[in-house]
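Two complexes are shown next, each including chain A; its partner changes from chain B in the first to chain C in the second.
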Partner chain A sequence: MAESVTLSPVHSRSIGDLAVIYAGDYLNKLSGERIERECRRQLEAGCRALVINFRETELVNSIGVSILLGVIDAVETTGARLIFSDVNQQTVQLFEMLGLTRHVALAKDEQEALATLAEFAPIPKAVGH
Partner chain B sequence: MPTKQPNKNGGPILGRIAPDEFVGRRDALARVVGLASNGTPERGLLLLGAPSVGVSELLRQAYDELFREQGETIPIYFALTRNDQTAVNAARHFLQTFLLQLVAFRRQDALLTDASLSIPDLLELAAPVDYEWVEHLVEMTERARADEDARSFIRLCLSAPQRATASGARPFILLDGLELAEQLNGVDVPLGTEITRAMMHSGGPYVLAGLRRHLLDVIHTARNGNDSAASIRLDRLTDEDSRTMVEHLARRNGVTLNDQTRDLIVQQTSGNPFYLTSIIRAAREKNIALTSFRNCQQLYVDELLGGRISRHFASILEEVAPLSAVRRSLIRVLYESAENEQGRAPIETWRKRLNLEAGQLQTIIRKLHVYELASLNANFIEAGSGSLVWSDYLRARYRLEVEATPRALVVADMLAETLKRAPHTMARHYRREAALGLRELLERFNCQRMPASLFHYDRFSRTHKGMEADELVAALDAETDLVRLPQIVHAASCAAFHPPIQQVCDDERCAVAHGFDAGQYSDANEIVWLVAEIESKLEAGRGVTEIWCDRLMQVARFCGFNRVRLWLVAPEGFSIDASELLNEREVYGSSRQQLELLTARINEASAAMARQEVAPDEFEMVIPMGDDTELIAAHTVEQIARRISFQPDAINQIKTALIEACINATEHSLSPDRKIYQRFRVESDRLVVTVSSRGIIPPGLNNQNGVNNNGSEAGESNKGRRGWGLKLIRSLMDEVEFEHVDDGTRLRMTKYLKKQL
Partner chain C sequence: MEQGESLQKLLHTFAALADLGQEIAETTSFQEKTRTLLHLVQGSLGIMRGALAEFDAESHALSFVAAHGMGTATPANITLTSEEAHALLKLGICGLTRDDETQSFAAFLKRHQTQLDALRVDLIVPLVTRESLVGIILLGGKATGEPFSTEDREIVCAMARHIAVGIREHRLFEELAQRAEENRVLYEGMRAIYRDTVRAFAAAIDCKDKYTQGHSERVGKYSEIIAREMGWSDEEIEGIAVAGYLHDIGKLVVERDIINAPYRIDAKQSSELNRHPAAGYEILLPISHPYADIPLTARYHHERIDGRGYPEGLTGDQIPLVAKIVSLADSFDAMTTDRPYKKRRGMEEVVEDFRRNTGKQFAPEVVASFCRALLKEVNGETTNRRIIKLLGKDYVERERVAPLLQALIEELESGAFSAAAGNA
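So, the complex of A and B:
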């Protein structure tokens, strides 16, 4: 599977026209904006589906959530798809509380997220395979 | 008759009564005596007294205590008197008193304080340590006197404390009767100002005492407005202290009295020590047993017309208006002004009726004001002092001098009147004792949240009536409909705002309280509560309730109050009809039981607040704003929460709530110090986290108080995507409340170990 790691402070990887973006341990204004920037960058680069992986995320604040909403808007505008994966229970509660879960799908882990996305648009095989 | 026997073993020295008979002023006495201590930061103290409330005796008691202590501080008590007649005499008297009491103290001989010794005599008796400066001072004063240099003489005499201090002594001047200083002028030196400056420059502790309305002016002049001395205000004695005082006085003077007459005397004189003493002494001198109202009132009328009380007021009136013709006119104007409905008249009316030049009128009014026989408010003079004794005296003088009524008739009428009045005076006292204390209760309103049923009799009656006490408390605890009380900043009797209300109710049964909703000082939050206690043996009916609603609204209109909250209290509550009316008019209505429950809950809230302030299991933390410092706070609260065994999900909720609170503080406060102050209080069943910051209050925050600002959820407009912090906090914690602080905000969040059902 071909993947590229960006030089952005946000860790991400691309798999064809799909990208996985890894959130940090604390999702606040600054880290949220970095994620948002990376998402927009991926979308502009032609990415059709995004997974934001929260496996490292211990705490999320309301500003971080509001930025995620901006990401959801941006993804919807481009007709791409978005899934949040590896969200811990407390963050799920927070997302539910703020109505975020009505607008984005959650996956247990990254694998499940990728599988879900594959159902709708098969992931292209990596070049060279 | 027992008299004072100067000694250093506890008996009075300058005091007129034994220390154990000195009632009601323990705190003030301790404060005065405490000034003698070297470690006290205060050096000067102003003792501001209403007329005849016992300021002099307080100073004398302080003198005695300090004398008996024989510590480093040498007490010197001096009282200005009219007998000195001139400033020069007063200054010489001061020096003689100073030296006499210095010698007495050095020799530990209390009897010397009463000795009649000249200044040369005292120089001979001066201790070696004092001799040099005393001799030098005496020589200089003699020289100034020989040169007829009054100003120098006065200043030299008054410099005694400063010179004593400079030589290593520590005199403590207790200076009394400062209001008399201006009558003693005779040279171009204002004596009051000179005395005040001399005390302030003495280098030692001092107390300046006098009539409260005069003393502050003198001090202000002496210091050019640079006031730094602390002050104590002495008001009337409480009823209980007054009763004790009368009992002591009667015992000491061998006068018989009973509980009824004791209470009548106290009520009639408002517990004024001078009047009480005058009456008991008169009883002793005339050998009258105060065992009946008749005897009491006979003695009282005698005192008004020819006793000490009469002489006391006569001397004040002579001082205020030395010319008899003017005095007579003054009595007429005073009496007639006091009798009119508002109890006040424009200055211009007084000027015309007294036919005086503006300057003369000003002097008279000022003196009346100082003696609190009238009050000057803007261009109006309010006659009367609220003292029944003064009113009675004034009426007697008016009838004798203005109406020229025969004295015998005045005496007979006054006696009949006071006898007829006695039961009413006592009834009023009993009513006052039984009153619910509305004003005091209102004064304690400070943004507490109280069950709404306590303000709605119909609801309370429907849901809580007949419950056992424990059950009732639990039901009130469980109520979710809460009324947030305003923060009251001023509460007074309704009559103080609208005197005619006195015709329909006692002062203490109707109150007006100014405050602010949520403790926020803004026009929108300003509110006035008007509260009345209705007399009704049964549930108050619609008629009387309507009358009181109208009355209170009339007061509100008369006073120009904008936002008001009316609250009626009837001992047994309100009938169904009356309750409907209250609801229609959005007027609160409570029974005595509800009021008692409310009082108890407010007491409990205050006690809880006091406990919080001294809570031992409390952590405090200050973090700078920004740079993700809220994470430090979150990790700290995690550690604390773990100590009391919160479950992991609850810990995460607390952490998130705290992070949101920190973000709110950072984003909204424009904090000048950029700091967030946090307190974590651990209780057996909960963790209370308080987050505060200085700066501005976010708009609408206090009206929401814990409810989110916009109530929006994700998916709504972009504008709605911020401001979720409070909503989150409220969802994550069990109790969330903004507490009132003068600057900035303070958010209190509580999480229970097991959430309350």
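So, the complex of A and C:
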């Protein structure tokens, strides 16, 4: 199955009905809204599972947290699944402190996130980048 | 809570407060600002749902301006009773939970229970500043699942104080903008009245002279065209049009028989008529005109570059530019309209008169500008043919007049007349 890739500070790739969204280096209002838009677009397109990859993210501010809560709410409303991957230790502590980890699973890396999602539904093999 | 987590929470809250202050100072739209402020409140404590409403003291309506996590729709407005509004005002900025037993607040909770339930609201924060209720924040569900602690409520209240001030400032700006707009409309109205009054005066001046009806208005228009060609601003152009309209206002004090004499007037009558520039100055001087030089234009529009004009015999740069322009416009209209003792001149003759009198009667730069404006119309380089419209379309024959104008312009631009003007 073909994989689509979009390039921007916040970019994503689709693998069947799964999407990986890559957050930028600083999750603030601007990048947060881009993530939210991309997540909503993927959900509207029929995506059933989302991975937000934080491998480049060094810092998440309050607006970023609030926007992520909105994404969690949107995912829960549609009955889809959401996993955060590659979250640095400082951000993990923040997410735990504010309760985000009660609503979303954390994976060490993207591969682990995809494997976790595969336990619930088969994931088509990704083709190229 | 562990010490490390406590410190991290404190730092996160401080950062949110700093961002809040910065956002309030930003010049983004009010809608965008309120959305961001609500994000900051929710993100500081990990709150799932939030809405921010603005309170209108006249209608008592709480209108929601931002909402997150409450579904796609903006919550419906809430109308408060006077008692409820008063109660929220008295409570001030505080975090009120649904089980708060304050009597006045309990009545609010009871009346709006259905809507608060639908929005799953746990915490209500009135936004109060300078003894007025400006809005309310509704919050629901911490992501941790824990209830709002006393510290949480204090953090929310600290942010709410800033937000209340932000809303108040926004309203003050809106009021200022509205007043500025009202003043602008008022000012425009007054300018229109002023212009109409000036036109009425011009008509009154021209009524006195049965042979030169419309003269003042035409002089105003020719002056405007010259000033525009010289690159004046719209404000200045408007001013010179007024100066043109009023340049002959002094004729109101000259006897009608002298003005309307169907023959060349004698020296005594001429002296009487020549009083009109100074009289016009005296009439216009006490009036606060929105434009400069209106009285001076009336006084000096019969001055000549060579010093042979009246009333003071000024020369060259002693004459204000505005008076030089009106002087040319005045002479042009005199030459191109029928008078009791002579028919109007042909256009070629008028151009020749310009050439002959530039540097003597007329300022070279003014003549050049007028000729350029006329040539553009003659050659069809502009659709706005204002001079030709005033002269009548058959008056100017393009084939004969255009080369004369072109030649005079070139002569003027070569500086041939500057020396003459300078010697004046």
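The rule is short, and it goes like this: the second predicted complex is superposed on the first by the 120 of 129 C-alpha atoms of A that agree within 3 Å, B and C clash if a C-alpha of one lies under 4 Å from a C-alpha of the other, contacts with A are read in each partner's own complex, and residues count from 1 in each chain.
Throughout what follows, contacts are C-beta pairs under 8 Å (C-beta built on N, C-alpha and C of every residue); 3 or more make two chains touch, one makes a residue touch a chain.
Please read all numbers here as calculations on a predicted model, not as lab measurements.
When both complexes are superposed on chain A, chain B and chain C end up clashing with one another. Using the contact criterion defined above for the overlaid structures, shared-chain residue A:Y26 touches chain B, although it does not reach chain C. By the touch criterion defined above, A:Q89 reaches chain B but does not reach chain C.
When the two structures are aligned on the shared chain, A:G99 is found in touch with chain B and with chain C. With chain A as the common frame, the single stretch of chain C that clashes into chain B is 150-158; none of the other options in 96-104, 114-122 or 150-158 do. Comparing the two interfaces of chain A, the one with chain B and the one with chain C have residues 61-63, 65-66, 69-70, 94, 97-100, 102-103 in common. Chain C contributes residues 4-5, 8-9, 12, 15-16, 19, 36, 38-40, 42-48, 68-69, 142-146 to its touches with chain A in the complex.
Interface residues of chain A facing chain C in the complex, by the touch rule stated above, are 29, 61-67, 69-70, 72-73, 93-94, 97-100, 102-103. For chain A in complex with chain B, the residues that touch the partner chain are 26, 28, 30, 59-63, 65-66, 69-70, 89-90, 94, 97-100, 102-103. Residue ranges on chain B touching chain A, taken from their complex, read 628, 630-631, 634, 649, 652-653, 655-656, 659-660, 663, 713-715, 718, 721-722, 724-725, 727-728, 731.
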